[in-house]
Amino acid sequence: MAAPVAANWKPLTRDQMAARVAQDIPEGWYVNLGIGLPTLIANHVPLDREVIFHSENGVLGMGPAPAKDKVDPWLINAGKQHVTLRPGGSYCHHADSFAMIRGGHIDLCVLGAFQVAENGDIANWATSENDTAPAVGGAMDLAAGAKRLWVLMEHTTKTGESKLVRKCTYPLTAPGVVKRVYTNLAVLDVTPAGFAVIEMVPGITFDELQALTDAPLHRASAARAA
Amino acid sequence: MAAPVAANWKPLTRDQMAARVAQDIPEGWYVNLGIGLPTLIANHVPLDREVIFHSENGVLGMGPAPAKDKVDPWLINAGKQHVTLRPGGSYCHHADSFAMIRGGHIDLCVLGAFQVAENGDIANWATSENDTAPAVGGAMDLAAGAKRLWVLMEHTTKTGESKLVRKCTYPLTAPGVVKRVYTNLAVLDVTPAGFAVIEMVPGITFDELQALTDAPLHRASAARAA
Amino acid sequence: MINKFVRTMAEAMEGIQDGSTVLIGGFGSVGQPNALIDGLIEQGAKDLTVVANNPGVGRVGLARLLDLGRVRKIICSFPRSSDPIVFETLYREGRIELEIVPQGTMAERMRAAGAGIPAFYTPTGVGTKLAEGKEIREFNGRPYVMETAIQGDVALIEAWEADRWGNLTYRASGRNFNPIMAMAGKLTIVQTQHVVELGQLDPEKIVTPGIFVDRVLHVPYGDPMIS
Amino acid sequence: MINKFVRTMAEAMEGIQDGSTVLIGGFGSVGQPNALIDGLIEQGAKDLTVVANNPGVGRVGLARLLDLGRVRKIICSFPRSSDPIVFETLYREGRIELEIVPQGTMAERMRAAGAGIPAFYTPTGVGTKLAEGKEIREFNGRPYVMETAIQGDVALIEAWEADRWGNLTYRASGRNFNPIMAMAGKLTIVQTQHVVELGQLDPEKIVTPGIFVDRVLHVPYGDPMIS
């Protein structure tokens, strides 16, 4: 996004955003990371903090990306990238894999999104009602099924429009499911009252953040930043 | 059953009954044999005619009973008898095992029964409406799910009552599912017109058989016996 | 480091509440979590609903749990056994509630709970007294009965091998209800014959991945009885 | 002697009818029955409904089947790929029908068909346009959508190992949709990388038992492409 002139704050880079989410994932959680930006989160969870990554296509316990000369052509993730399996990992078929998702066994799913609404609605699969052949993949299953849904996305679109909205204008992936949003500017909880800001990038003020946000923001009592 | 005085025919023994059914099971069928009398059928299918026996508790490809000193305590069938596994056999859990049954993948199930009605109704799990804690086990799944349901039972009860009836008086296991009945006196197909006799024990006449049977019998055009 | 192993039976049983629904694996004498059942007897939770294929044999294990008056209701497919004396007495005296469910429906209802499916339709039981009062609906001209998921507050499982992530294998017909009950339990507790290092189980051969398992107790119980 | 191996592609494809619903395994380039898809192209059946996770890449395999005008309808979760040119052209021109199904629902609908379950309820898709026109029903205060089984007339499967009874194993993420499509196909046809003697597969490790398999063709196809 284009930072306002003379702003005394800087948005997080993609890697910083991923690292910020990684920081909040405790050992022992079963986690599914959406395609794109969320996938980077795994790089920021140290291997000795055992987080078990799940991929829709029947892989539980994914490890880091393989060295180029060590690729197993039979092992990919839902984003069709080559991955590795950690000791303790296992394979299953698609129905069992989605049983893990739909049955509430995945502690956390982090998805990217086009829009998140203040009531927790998420839109991340189709960019307009007229997109006649949008690709849903496993997004709806994950959004409806995971124990917790977090979103990791830029705060605004490339053209500066807020992605945190009062009401989604894009087709929904699932209604009322997002618990927390991590952007390049802030961390926000979805509460019954709407978005509560629990953290902001250094230097930005609440009012500056609100000015970049379509939905009304609240100050979380537990806010860690000014 | 008590044979009438001076009858010039003999009912089949239990082993003869089992052998008679075995004769009609072709190689390659997946077969589930009910507890009790039907279990004996497996003894009469030669090993070189490959019939794959299934047991509800997740065993596919059962072989003959083990020698007494070769029992694997971890391997039982649905009747809780110790069995063996043939090369090519496999294990699965109960939901997958019943998926095989309910999904129509079992070519044949042979059950015992208290009563079979001329419309194919079977009653084999509860002996009266007042039996408050009858044990159904997998009988209803097998009756409703197998591709073909055959019944193997005595023609009459110990007190001489016909088990082939116009209408079952005992609680049903499933309505309209029996395709064929093997008794110690005859083999009968269940047809839209009712029971059609396709075979009788040597020496018995159609009228003698009818006299022992509550439901009206028909002569099958393909009847092999007098 | 994730470590789902607990050291004592008391730890394994910790927090099981009165009124819980308890799923108990096993079919016949094979794959039964006998040690955990004894642990539950010791632990004391009462007013339980038990889901198991049958209501126990003689006066030990599950039958003893019943005999102690700790079970309000049993859901099973086969309310008989080689020696069902305890259940039959309680049942005759109206001191236990019974829900008879066809075996495949029982299995599928737990698999559904584990898979986040609240209800499904099955042909099993249609036209019988076990479908009385249940919704019947036609699909493609054939009637089916609607059955709902059975979720367990607790599942008691017997495994053959386990690692510290809770990955499990079973042995032969010891698999039976165990993997689906593991999926359907909110708190899944396992007794395992063998403990293996993480990474020792072939990832192609793990039947229950650790995601379905909360606690594992090493109980080298030995072979099932040969009856 | 049971022998599900066929010797030629023509035998493998024999009897596939126009108008069939064809389930095609694979996710990404892994576990795709590429040889069988080419066999189906050669065989000639048309007016097909294809169920596959995506509608093909470039102008080969499934994309070529589409390009030849042989597919009336595609059911998939992800109507995109690295090069979806054929599907997009046909779709824009209104020459192919599309049913988009969430991936987990698609998997479960086939598992349901294989398991004899005509319909089930799922939370996935509720409140979205993919649930429009479908029955919504509450269980325990939460809304669910009813989804129906997808049965295949034919299923095309890629396996890692197979024996003459049709028992199968898969390799790593090559498992994906293959085992559930094998269950859901009335005629299940397999291409396998490796052939093993009966009894060589560990009975604890067989993923698809032969009961779900009709024909097996040995195709040592080699590893999936590394993109």
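Labels for the chains are A, B, C and D, by order of writing; each one numbers its residues from 1.
Just so we're on the same page, a contact is a pair of C-beta atoms (placed from the backbone, for glycine too) under 8 Å apart; a residue touches a chain by one contact, two chains touch by 3 or more.
Everything numeric here is computed off the predicted structure, so don't read it as measured data.
Enquirer: Counting one step per pair of touching chains, how far is chain C from chain B at the shortest?
Expert: The least step count works out to 1.
Enquirer: Could you tell me which chain lies farthest from chain A when each chain's centre is the average position of its Cα atoms?
Expert: Most distant chain from chain A: B.
Enquirer: If I rank A-D and A-C by number of C-beta contact pairs, which comes first?
Expert: Of the two interfaces, A-D and A-C, more C-beta pairs touch across A-D.
Enquirer: When the centre of a chain is set as the mean of its C-alpha atoms, what distance in Å lies between chain A and chain B?
Expert: 57
Enquirer: Report the inter-centroid distance (CA atoms only) between chain A and chain D in whole Å.
Expert: So the centre of chain A lies 30 Å away from the centre of chain D.
Enquirer: Find the geometric centre of each of chain B and chain D from their Cα atoms only, then give the gap between the two centres in Å, rounded to an integer.
Expert: 36
Enquirer: Residues touching two or more other chains, restricted to chain C: which are they?
Expert: Residues 108, 111, 115-117, 122-123, 170-172, 203-204, 207 of chain C each touch two or more of the other chains.
Enquirer: In chain B, which residues are in touch with two or more of the other chains?
Expert: Counting only residues that touch two or more other chains, chain B contributes 85, 91-92, 95, 98, 101-102, 145.
Enquirer: In graph terms, with chains as vertices and touches as edges, which category applies: line, ring, star, complete, or other?
Expert: other
Enquirer: Name the touching chain pairs, would you?
Expert: Listed in label order, the chain pairs in contact are A-C, A-D, B-C, B-D, C-D.
Enquirer: Taking the complex as given, what residues does chain D use to touch chain A?
Expert: 27-30, 54, 77-80, 82, 87-88, 91, 98, 100-105, 107-108, 110-111, 122-130, 170-180, 207, 223-227
Enquirer: How about chain A: which of its residues touch chain D in the complex?
Expert: Listed in rising order, the residues of chain A that touch chain D are 55-59, 71-77, 80, 82, 85, 91-95, 97-98, 101-102, 129, 132-141, 144-145, 171-176.
Enquirer: Spell out the residues on chain A that touch chain C in their complex, using ranges where they run on.
Expert: It is residues 27-28, 30, 48, 50, 52, 54, 60-61, 85-92, 95, 98-106, 145 of chain A that touch chain C.
Enquirer: Using the touch rule from the top, collect the residues of chain C that touch chain A in their complex.
Expert: The touching residues are 1-2, 111, 113-117, 163-165, 167, 183, 198-199, 201, 203-204, 206, 209-212.
Enquirer: Can you tell me which positions in chain C touch chain D when the two form their complex?
Expert: 108, 112, 115-123, 139-140, 142, 144, 148, 169-172, 202-205, 207
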